[in-house]
């Protein structure tokens, strides 16, 4: 097999940048690029999208425990009337941090974990477009997350935690009404997280647009790729808006500006508009990745292709567009005027249509399928069922007059937990079970997984189901306690018990991880194979865990669900028959001559610099200035970093080892890529970094 | 690919290689990333401009307002300077595409100098406004005006730093014709910042009411 | 999984889903009489909203059962038993059987795009009609208008009996909004500090009190009664304790109440406990709390003036930090005619029940003396406050028990 029918599109060159001669090695004589791919340092300096994805997932799970603990404190405080488990001040910090943590430090990075790990694989690429920037995104995210979370401890337990709600309405967040450092932590933390997400969004958009393998046209991309791509576009356009809002807030707090100073004539609704122009697309940023995951899982375990692929994609795009036209439905009682209320009321109703299309398509995919209820399938069907409840209560909010009764009550709390927990989080957990064998080479225990699912689902419904009732009975959100004669006691106790049931379910998930890992090790680490679920996407076409170079050879995609169609064909009676064993179709990861980008010190160094600037802005602007100098210096270090290290050990030579995987139908040849010496070329990607960094400073 | 390209390779060939074979869209990753980033920047300035328009009229009758401080002729001249820098940026891009490294250096330096002139004008303007009683904290117009124009000035400054970095690279011999696209990408950024200024100048200075 | 275990899973899932639904339905039907319930409106606006949303709840309920039923039916009908370990030749399946590979159906897709669109279009028509009807809030010229002002963490009501908010109010009260039955009462909702939201669920939806803005709203009660409310926009530390009450009185009783509210307080007799209490009040409390007829400001007796605006003109001006401590505290002129205190967080009377006869002073029940004394002694301990930052009532722990007894005795005279 040769590749003469193509010009020079060897697979590695999807990574190859239009490079000139490499910059002189070790220009400063200080840093070379780090070496080696073993040990913990290899994780710190990695630029491998898969490792970065795993780190995103691990960090998100850590923050999930933090946010979950905060949720339990909320439920303990509200379990009985006149609760006194935590005081009102601490309560305000706890519910704010719960919201901020779950949105920005759990759901978003979990989605980022899947996006990082899967996007390049699903489009058949070697890595993302800018591997070092990808690593930077992660460390920047971690810096923001740690900065935010540290507010809980600094200066005493919840003394400096943000306490203005995740929505942080002005003017309550002004220095006059929130004199603690909490809001500063909120503003700076979210800015840093915004930089991380923005860089990541640019990177992933370029990856999907530019690095698709041959034949991977847009309408051959899996629905998950589509949903993640739409999510990145939403991030791209939504984040600058919250960036502006946070800058205004910081200017008010740091330098006495007047943006939310009512005495100077400001209108606090400006904050609400800016926040929700970001905040509503943010809702779809949270849910669309889960929609994508469900769209991967259900076809696999129905043994049918996804019903209405084009409509699924189109409805996702429609949600992405319509999501921009509904923000003021968060403001029906704010006094935006009846015409605005009417317009946003109607637009909000109609966003239910594309969402409903998705639900019905999932049901149609299940129809006449051969349904196997493995753990991932349970989660996926759980999303279909639970998200529907959240969607229906969402429609009732769009009825603006009735929303004046519902908004800021527990009915809303119930609604968005059915959407974010019942939709996004269940979907992401389903994704964990589904792609765990792909990332780690072994499956999580099905028995524990199913048990954990049911415990979580039951706990979830007992926690948030009653909140519909509480809200309609008039219980407001964000109240630290309620009177005994208001009639809220019973359902609050039910909800609290439910919350602890969820906690048990989550503990079972972590136990599952532990037990499954242990059993796998004891069994001598058996190979789970490339495709343990008999699935459809390209990611299953390579070994598990995915080797560092992803695919042994370039893949020529000729249709949607390419991998599945390589495994199966149709006989003359239109019956599905096995065309080739998986082992023949899938790569075994043995190609060792792929030249990959070297690890780099700079992403984590830059992340540290950002942390310095962040604390500096909060506590001492001189520290911030020092951090900025450090940051700028690091950016130049980044730019001047040698593209590759001549001394680096462990880099494969570029030679054709002729390892043929014997795939007769493939256009791709054996991994002969002799001409494809590709080095990541650092200079030109630095342009973006510099501006990003400037946005921080 | 790097080793197939000799130092004599023209930028045009480099571009053909870069755009013809490597990416699904035919646009290089770097250039596409810059376009995508500029899309995001549109929303950043959109938010800032909206904030300005929302707030500019929220001042008392005796407060310092736009009419009290703006010096339209002065700002027109500095705006013209910035516009001219876009032209010189075009020359910088075309000169490196031709392989004219010396010309490239001259045009890069000219562009940076024009940008610096603009920023200096802005600094002068801010000082003048401040002495006329319009501080950042004076009123909502002041806060919104300085925030918007300050963000733009910061963008120009970053652009200047990038241009100067290119200049230094060129002097050190690291900016050959094969890197024409790097100059082009930074040019994209520079043009974007200029266009944003045209919008800001129109909205803030020409139609202050 | 064995058949038995599978059955158990089925049973439990059905139990969960239908149990939850049953609980919700039972809760809604049985628990209608919750004091803050949105489901048992007493006011015209609240009823209009309920009549709009109730059919939509039913539609949503039908869709809910259809989708959940479909999920369960598909699950039941098309599930296949397979390998439990997933280690077999066919992974989790035990054979190589595939169902028909349908990819979609454009007609079906278009149908289920159009059907919900049409359904929602119908709903939107009803919504818009109700929306504009509810927004038509202008009461007639000389009707009662109440300026409602939120601040951390209580509500002030300025009564403009002639409907003219440009003149000083006829009287000012706090936390308990008294309205005549059957009459639309126009509210002019403002804030002195941060955003609050005024909400009496049984009468109408909520409306935000935004500093610098003035929002029109209307409430009306069709029956006499006492209706609870809660600030529903997060407003800082003690948000949860910022409550209010609306009391609807028949028109004759409302007139009686109104006339009483307009009277000024009189000084207690010299030498009594009440007089000693007034002396303590004057030194400790009068810098913030107004009692018309007794307290003075700058040497001049207090009138129904408005805090933060010495001219007595436009009400509800935004207060800076200094005026927050120097004026924005509930007007106590007729404290004893209210049933609650401290932002309606506490009951003023024990055993009063929900039907406190507002004007029948003898039947009010017992004064909730313990709570009132505790409040005066150390308010931030009873209701979280940030008194150091000038928000909320500071502690008066320097007062002796006798002092506090006397203050309570004095307050008891404020009928």
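Some points to look at:
Per-chain numbering from 1; labels A, B and C assigned in written order.
Keep this in mind: contacts are C-beta pairs under 8 Å (C-beta built on N, C-alpha and C of every residue); 3 or more make two chains touch, one makes a residue touch a chain.
Small disclaimer: the values here were computed from a predicted structure and weren't measured.
Distance from each chain's C-alpha mean to the overall C-alpha mean is smallest for A.
Taking the mean Cα position of each chain as its centre, B sits at the greatest distance from chain C. Separating the centre of chain B from that of chain C, both taken as means of CA atoms, is a distance of 51 Å. If each chain is reduced to the centroid of its CA atoms, chain A and chain C end up 37 Å from each other.
Here the CA centre of chain A is 32 Å from the CA centre of chain B.
Looking at chain A, residues 265-267 sit in touch with two or more other chains.
The part of chain A that touches chain C in the complex is made up of residues 87-89, 91-92, 163-165, 169, 171-172, 176-179, 262-263, 265-269, 301-305, 307-311, 333-335, 338, 341-342, 345-346, 349-350, 352-353, 356-357, 359-361, 363-364, 366-374, 381, 384-385, 388-389, 392-393, 395-396, 398-409, 443, 446, 450, 454, 457-458, 461-462, 465-466, 468-469, 472-483, 485-488, 491, 532-534, 568, 570, 574-578. Taken in their complex, chain B has these residues touching chain A: 1-5, 7, 14-15, 17-25, 27-30, 32-34, 36-37, 39-41, 43-44, 46-48, 51, 54-55, 58-60, 136-137, 139-140, 142-144, 147, 151, 154-155, 158, 161-162, 165, 169, 174, 176, 178-179, 181-182, 185-186, 189. Within the complex, the chain C residues that touch chain A are 9, 12-13, 16-17, 20, 23-24, 27-28, 31, 34-39, 46, 48-49, 52-53, 56-57, 60, 63-64, 67-68, 70-71, 74-75, 78-80, 82, 84-86, 90-93, 96-105, 108-109, 112-113, 116-117, 120, 123-124, 127-128, 130-132, 134-135, 152, 193-195, 197, 199, 201, 204-208, 210-213, 215, 228, 230-241, 243, 318, 320-321, 345, 384, 389, 391.
Considering their complex, residues 7-9, 13-14, 16-24, 129-130, 198, 201-203, 205-206, 209-212, 216, 236-241, 243-245, 247-248, 251, 255-259, 261, 264-267, 270, 274, 277, 639, 675-679, 683-685, 687-688, 690-691, 694-695 of chain A touch chain B.
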